[in-house]
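Here is the structure we will look at, set down as structure tokens.
Chain nomenclature is as follows: A, B and C, assigned in order of appearance, with residue numbering initiated at 1 for each chain independently.
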Amino acid sequence: MIEAYLFYFFAVTTVLLAVTVVVQPNPIGAAVSLVGTFFSLAALFVLLHAHFVAIMQIILYAGAIMVLFIFVIMLLNLEPEKVKLRTIAGNRLVQGSAALYLAGVIALAFFGWRQFFTQGVVANEMEGTIEAVGKLLLTDYLVPFEMTSVLLLVAIIGAVILARKPVE
Amino acid sequence: MLSSYFPIAVLFIFALILGGVFVGLSAWIGRRPYNKVRLEPYECGLEPADSPRKRFSVKFFMVAMVFLLFDVEVTLLFPWATLFKQFIASGLGVFIFIEGLLFIAVLVIGWLYVVRKGALKWE
Amino acid sequence: MELIIAAIKAIVIVALILQLIPVLIWFERKGSAYIQDRRGPNRAQILGIRLGGMIHNLADVVKLFCKQDIIPTKASRIIYVVAPMIAIFVASATVGVVPFAEPLHLGGLTIPMQVADLNIGILYILGIGSLGVYGVMLGGWSSNNSYSLLGTLRASAQMVSYEIAMGLALIGLFLVTGTVRITEIVSQQTGFHWYAFTQPIAFVLFLTSLFAETNRNPFDLAEGESELVAGFHTEYSSMKFALFFMAEYAHIAVGSLIVSLLFFGGWNLPGLDFDWIRVYPEAALSMGLPALAVGAIAFGLFLCSKFRRHKYNDARDYEVLIFGVPHVLIGFLMIGATLLLHGTTLPTWVGPVLVAALQMGVVLAKTLFFCAFFIWVRWTLPRFRYDQLMDLGWKGMIPVALFNIVITSAWLVFVH
């Protein structure tokens, strides 16, 4: 029972912080709210007994990706007053497709995956430990594991090329 | 399992309160600044020569980017290292060794590329 | 019931780490003074008691609370206020999974001597520790000061660079341990099987990156006084500055704890057999207490012999007596306790509690040694240049760490 209350608490926190990210005029403030969002997402993962994923969420998203974001914001020097609030109010196509997507997700949640809501999925307590996740990753998902390193290699090369000095 | 996270929650709340209390108390007890000049940015007593809000070297961005990519690789290696002995015990030692070696080899190629291109060179 | 114990324990352990901060500051001031052939702080006093400069910490706290609380006009106010809170939050939350002793079994109750025994173990420390960069980044950026911004950029680039080396060093360790739980890692290091000896490369890499993570000399370019005034906290005053300061020392304390647990055997000490002590506390006490008593009396008498009535002509003359006489008295009390103990059987809870206290003592002694090491290094080594620092991180430590991983895993597979 307490888990349900905790879930609602962290779910509401996550959504509120995510909304703050969008409405915040100060880009650094938005980035800080995003760190908070990732943090409460990690708490949600813990509630699902996904311990390793939760700590990955904190190490990678909150600890690494957001550092990069803040560096970029500082690099571009976006001052709050310089940022013009651009809204997508006029663009019917964007509005319509976003609404359609949201409606589709909600409909799918209600009709397609109904049994998950009524019965609930009981997560195995030992499923999310570092040993269990590692065993799956290193045996059943061996090829994706190795491919990740290749993907990251591509990303490293891309980053170096993007930031290199233009050749004269 | 979940109850083992309860003390962590207590710890977080306590740590947050700690910071809040210290900041609040010093704002409450501390003297009010009575001199407008004190609130100017500190630049050794001179008028600020330059605004800090300007662009800085792209090198720092480069470091953050490469850090992010290597961090992903390091976190993926944690389960590999933790399970290494278990795999050896079940007779799969060479398999897991080669698996990790391949992963690290690709990591080393990326590292060599970064170093060779001078992306992390500081003049 | 267990939840209440857990909550109290969490707060006690954080308080313990916070208590280490003034001790470390005193260490630093006195240590730097003696390294530079000075006397160090010795003025602040309460009724003439100076505690060799300890009272200065108390004076500092009172002073910092009463200072003008400055928020620069050009600063981003909210982030400026939040940044030091993040710093102290991260510093005190990292202690979450650090054990101080083996779990204590009392009757039917098992009390782990740590805040929480998580499955992810030391990864928790890495995760929370990686958030420490935000305190520095946001604090420096929000002050809107050129020095702060430069200090911030340097500090955060340096912290993230060395995080990679730290992670890779730990991977080398995990290969040997096969677990990420600190309690298990410590229990593997009985006798002299300390991982500092079996994984020396990982140990050196970890210690070095710890220095860089805490922004300490020789890696303290973030606040190179000669170039950047005070680095990222140039604009901070009063307790907000103190929070950054405290966070630095809390990081040193927690970092030393982790080093002593992971690489220096934690509560294991060759010659101390805890299982034996747990079963026969009477024998252990009747052997240990007299030795302690002799030490205490000798130390007390040594202090008392330093007493000169007219050395300073003020209360300082009696300081040695204030410390010396209680030592002698405690020594005699210990001898009395040993005599009383003779032939009696102690209740069953004495053994486990005694073991827990001993283990905590060993861990804290090792931790204080590494804290002293941090201070010793700071006042001995000169500062790096920034390009040397980044080169060491990226081109020196990362390849060595990868080499260590490959060698260790190959050794485990083919030789072991």
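By our rule, contacts are C-beta pairs under 8 Å (C-beta built on N, C-alpha and C of every residue); 3 or more make two chains touch, one makes a residue touch a chain.
Here the structure is a predicted model, which is why all the values come from computation and not from measurement.
Using the mean of the Cα atoms as each chain's centre, the chain most removed from subunit C is A. If you compare A-C with B-C, the chain pair joined by more contacting C-beta pairs is B-C. One finds 18 Å separating the Cα centroids of subunit A and subunit B. Chain centres here are Cα averages; for subunit A and subunit C they lie 34 Å apart. Centroids of subunit B and subunit C (each the mean of its C-alpha atoms) stand 20 Å apart. Residue positions 118-119, 123, 149, 153, 156, 160, 163, 180 of subunit C are each in touch with at least two other chains. Across the assembly, subunit A contributes residues 52, 59, 63-64, 67, 71, 74, 130 that each touch 2 or more other chains. Shared interface positions of subunit B, defined as residues touching 2 or more other chains, are 1, 5, 53, 56, 60, 64, 66-67, 71, 75, 78, 80, 82-83, 86, 96, 107, 114. Of all residues in subunit A, those touching subunit B in their complex are 3, 46-47, 49, 52, 56, 59-60, 63-65, 67-68, 71-72, 74-77, 79, 125, 130-131, 133-135, 137-138, 142, 145-146, 148-150, 152-153, 155-157, 159-160, 163-164. The touching residues of subunit B, counted against subunit C in their complex, run 1, 3-8, 10-12, 14-16, 18-20, 22-23, 25-27, 29-33, 38-44, 48-53, 56, 59-60, 63-64, 66-67, 70-71, 74-75, 77-78, 80-86, 88, 93-94, 96-97, 100-101, 104, 107-108, 111, 114-115, 120-123.
Contacts from subunit A toward subunit C in the complex involve residues 26, 28-29, 32, 35, 51-52, 54-55, 58-59, 62-64, 66-67, 70-71, 74, 129-130. Against subunit A, the residues of subunit C that register as touching in their complex are 76, 78-79, 82, 118-120, 123-124, 126-128, 130-131, 133-134, 137-138, 141-142, 149, 153, 156, 160, 163, 180. Across the complex, subunit B meets subunit A through its residues 1-2, 5, 53-56, 58, 60-62, 64-69, 71-73, 75-76, 78-80, 82-83, 86-87, 96, 99, 102-103, 106-107, 109-110, 113-114, 117, 119.
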